[in-house]
Amino acid sequence: MSQTLTPPKSAKRVMSNEGKAAKRRVRLNSWLMYIVMAVIGLIVLVPFWANFLATFQEGRMIITGGLNLGIDLAQASLDNWVMLFTDSGMYFTWFANSVFITVAQVIATLAVSAFVAYGFAMYEFRGKTALFIVVLLLMSVPFEMMMLPLYIQINDFGLQDTYTAIIIPFMANAVTILFFRQFLRGIPREIVEAGRIDGVSEFGIFFRLVFPLMKPAFGAMAILTGMMSWNNFLWPLLALRSSEKYTLPIGLNTLLTPYGNNYDLLLVGSFFSMIPIFILFLAFQRFFIEGMTAGAVKG
Amino acid sequence: MRKLLYSPKIAPYIFVLPFILTVLIFWVSPLYKAGVMSTQKIIPGSVENVGLANYDRLFGDRLFWVALRNSLTYMIGTLLILIPGPMLLAVLINSKLGSERLKAVFKSVMFIPALTSVVVAGIVFKLIFSESETALMNQIIGAFGLDPIKWLKTQAGGFFALYILAAWRWTGVNILYFLAGLQAIPNDYYEAASIDGASSWQKFWHVTVPSLKPTIVFVLTISVYGGLAMFLESYMLYGGNNSPQNIGLTIVGYLYRQGIERNDLGYASAVGVVLLLLVLAINIPQLIATGTFKKEQH
Amino acid sequence: MKLKKFAASALAAGMATFALAGCQTAGTSGSEETAEGQTITQEAVEGAAQLELWTFVELHGEFYTTMAEKWNEENPDKKVQITVNVLPYDDMHNKLQIALTSGEGAPDIADIEVGKFPQFVQGTPALMDLTEYAAPYADDIVKARMDLYTKDGSLYGLGFHVGATVAFYNTEMLEGAGIDYTTIKTWDDYQEAGSKYYDATGKYFGTVDTSAAWQEGLLLAQLGGEYFAEDGSPALNSPEMVEALTILKDLQNANAVSVPPGGQPDTDEARAAYNNGDYAAAIMPFWFTGRYLAYMPEFSGKIAIAAPPTVDNPVNTSVGGGGTGTAVVAGGENAEVAAEFASWAKLSYEGNVETWNMLGFDPLNTSVWHDETITNNPDNQFVQYFQNNPFEPLLAIEGSIGNLDSFTNPAMPSVNNLINTQTLNDIFENDVPIQEALDQAQSDLENELG
């Protein structure tokens, strides 16, 4: 800096002026950023708010008039919410089914994927590269294209209309395997070596020494797998047939028919279906976001 | 038995065994069957080998090309929306600007849409884009003095709604992927760039973007797949698989229409095979070019 | 941390609620649980054959359970207990298709919409041949409506109604514009009335549809056309098709009609528009009576039913529109009793009276049309609702209700799909020239069918 030639006193003043200017600029930029974030954030929340307002209005009117951000308070009522808790047919059955399937899918997928990823991350073995390419290619296979033969196969196994049929095909999930493998590579090999020296079996090392260290990675993948399972539509629609076994998305979709009278429940049911997930996410978000960053997808 | 449990030579095969089994039973076998079925004409009670006749028919089928064009347009559109936008937002969140707490709130808000089911989101968006003048989108353009539009009945309006839905649901997820990538970039890179007198923009372009390459590749791979295999969004927005003038018809939608709605399993399987080849044709060169396949060799 | 604790306890409370609610729903079953239209279960019947039935219309479900109770009174040795699953139209047909293809998971009885029927009887049908079961009733039934569900001489589905296409007019709104519906005989009259109505009120008289082809079917029957040529190959650009669509396009150009929200009268959006007074007329199959009653109660006493407008020297005045073929799945444990029950419920005189009383359909057994104790029953909800007696126009056109053979063509589902998604939108929303749109449809269809 050229200021070094000027007397110290004035230099100090120049510096502090510059510092102030920089500080002001930072503050201005921060505010700009807040404004951008606030605008985007509010837009993102609009659909939720519109759905929320709709729960106090007559379903048929919303279906024909569309959703907006206004509400006529004179017409608003709690009828839909009362119906949800007193006379909503199978709604809570579907809800419980979805929760059950999601939890089971998360546990199954995480367990299998972690197990497999450990094999990939910690060992050298023949055929590893080929197998790994299979994992990568798996990410490119559209499930929909094998849906029909798989349906026939599920029937051959006698698994039609069971939750097993819904959960099993998604147990080996390429994204989850990749993520865990990446995470495991960050774990020091010394732990494994120490285990071997102590005479722990290969599987003991995994279950007793490594598994507990994977906690942060589990958080992130639990939410991603959970999202996938909670959302799954086409396959459960094909595989399930009794309405008491339906999942929430399928059940809600059955309410969307012009030959019934279910729009009140549809709107309040849609809104209500989001609440528990939000609570779960808010409760565990720190865990989740840390996990995602810890696993850092490096390819 | 003891040897099995203790041998580091055998152990890896046992670790990957569940994967091999599920893939063989639930992926490879149906995939193979789909391939075989694509060369057959399947009518209840009879199966006839027809060679490549289904493919022949497919290439002359205008609606298949409509579906293909729609899926490709959607995929490219979502790539353009869902890579740069979330990346910039992630850089913003990762910057030293502003309070961490407020930024954390923003992150959470952005992520929330991903937690809603497409069925619910589709119902809500369908009603926001409804053709009634009291629907939100028509109110918005009404505020600018424009007449109500039948959004979902035009190609541009329908795709606009699909893009908005995609942006709404996935921006938050991609922000997290990029944040993870950003936090893995060593600080020295930026310090070195500062010493060289690089501006913020130059730092972004010459340090951030190249260092994010693996993340970009990952997001690209899953987005290509997600874009080409899109179905449910359109299914919900149009209340079924049949949209006016097939505006929302995608490849998977066409597979569904032929295989399930028309019960033409052979023809539908051919559609599926083409979809698979397409995804592979885009993803494999991309993965090779970015060196992802080589990673495992050392 | 506080938030986390709060959230966790809120979640726990929430879960407890679900569990409770879940128990409650599981505990209550029975025929009163129809509010959500998912399953309608008849009261438990001892020693009855358990029959699972799929349908896409909630009211059909109630019809079947009512009929089952009557059946059990008359046939104590062959009691049935019906569980009705009401699914959305697309989902129901798709699931049924898959279940039949794979041979697993099909119900005992299913309602299949006429537009979807041909693909369910492709190859070797997985449906039961009902010819024998329907035989006792066959003489009294409109044969053409059974032919829709017949393949190679075997009957696979039992119809619900004739579905004669008629015109519905809101007389109060017509009078306001100085129009007398009884003077509307031809499409020219209809157009004139429509233009007059538009000039007087600024609103459209009737609809021109883009997501259903009721009026196209009617016009084809009047002009003597079909969707297919004699040899069964598609003929979407036939002169009759061009003429039919030209008549409809002229109506639109004359501001007599417009495309309703939802694309056709039988949608939620369009019903709302009707309720709102946006349209005064509807040309629909007779079963639209039920929609008036259920969704437009305020118009009670104001709606008149008339013969549809026609072309000059029509081949037929009206046409059977829509339809639901009730099919029995072959090989089921209770298939025989299911077939007996379904034939009785749909085809017997009692069943036909009930389809009119409960559902407002024009029954297949036309002797019901002439039974004045039924058609003029002052307690009947439909007799009460409509301004004139609903059977008056039916009897006037009775000998001239045609049927399109096209509906039995295996490619009909593809035709329906193409017309209702692409062609009608091209013509009525985007002003594509009629010939061009139809040529496009013809070539699309030829390509799709390979």
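Letters are used for the chains, namely A, B and C, taken in the order the chains are written, and counting of residues starts over at 1 for each.
The criterion applied here is as follows: a contact is a pair of C-beta atoms (placed from the backbone, for glycine too) under 8 Å apart; a residue touches a chain by one contact, two chains touch by 3 or more.
Everything quoted here is computed from the prediction, not taken from an experiment.
Chain-level centrality, scored on Cα centres against the all-protein Cα centre, points to B. Across the structure, the highest number of inter-chain C-beta contacts is found for A-B. Averaged C-alpha coordinates give centres for chain B and chain C that are 38 Å from one another. Chain A and chain B have CA centres that are 15 Å apart. Across the assembly, chain B contributes residues 131-132, 260, 265 that each touch 2 or more other chains. Under the contact definition stated at the top, the residues of chain A that touch 2 or more other chains are 63-65, 152, 253, 256, 282.
Among all residues of chain C, those that touch two or more other chains are 98, 261, 269. The residues of chain C lying in touch with chain B in their complex are 90, 93-94, 97-98, 100-101, 119, 122-126, 210-211, 261, 263, 269, 413-414, 417, 420-422, 425-426, 429-430, 443-444, 447-448, 450. Residues 5-9, 11-16, 18-20, 22-23, 26-27, 29-31, 33-34, 37, 89, 92, 95, 97-98, 102-121, 123-125, 127-132, 134-136, 138-139, 168, 171-172, 176-177, 179-181, 183-184, 213-215, 217-218, 221-222, 225, 228-229, 231-232, 236, 239, 252, 255-256, 259-260, 265, 268-269, 271-273, 275-276, 279-280, 283-284, 287, 290, 292-293, 295-297 of chain B touch chain A in their complex.
Within the complex formed with chain C, the chain B residues making contact are 43-46, 53-54, 56-57, 60-63, 131-132, 150, 153, 240-246, 257, 260-263, 265, 267. Contacts from chain A toward chain C in the complex involve residues 60-61, 63-65, 85, 87-93, 95-96, 99, 151-152, 155, 160-161, 237-238, 241, 243-244, 251, 253-263, 265, 275-276, 279-280, 282-284.
Those residues of chain A whose C-beta lies close enough to touch chain B in the complex are 26, 29-30, 33-34, 36-37, 40-41, 44-48, 50-51, 54, 62-69, 112, 115-116, 118-120, 122-125, 128-129, 131-150, 152-153, 168-169, 171-172, 175, 177, 196, 201-204, 206, 227, 230-231, 233-234, 248-249, 252-253, 256, 266-267, 270, 273-274, 277-278, 281-282, 285, 289, 292-293, 295-299.
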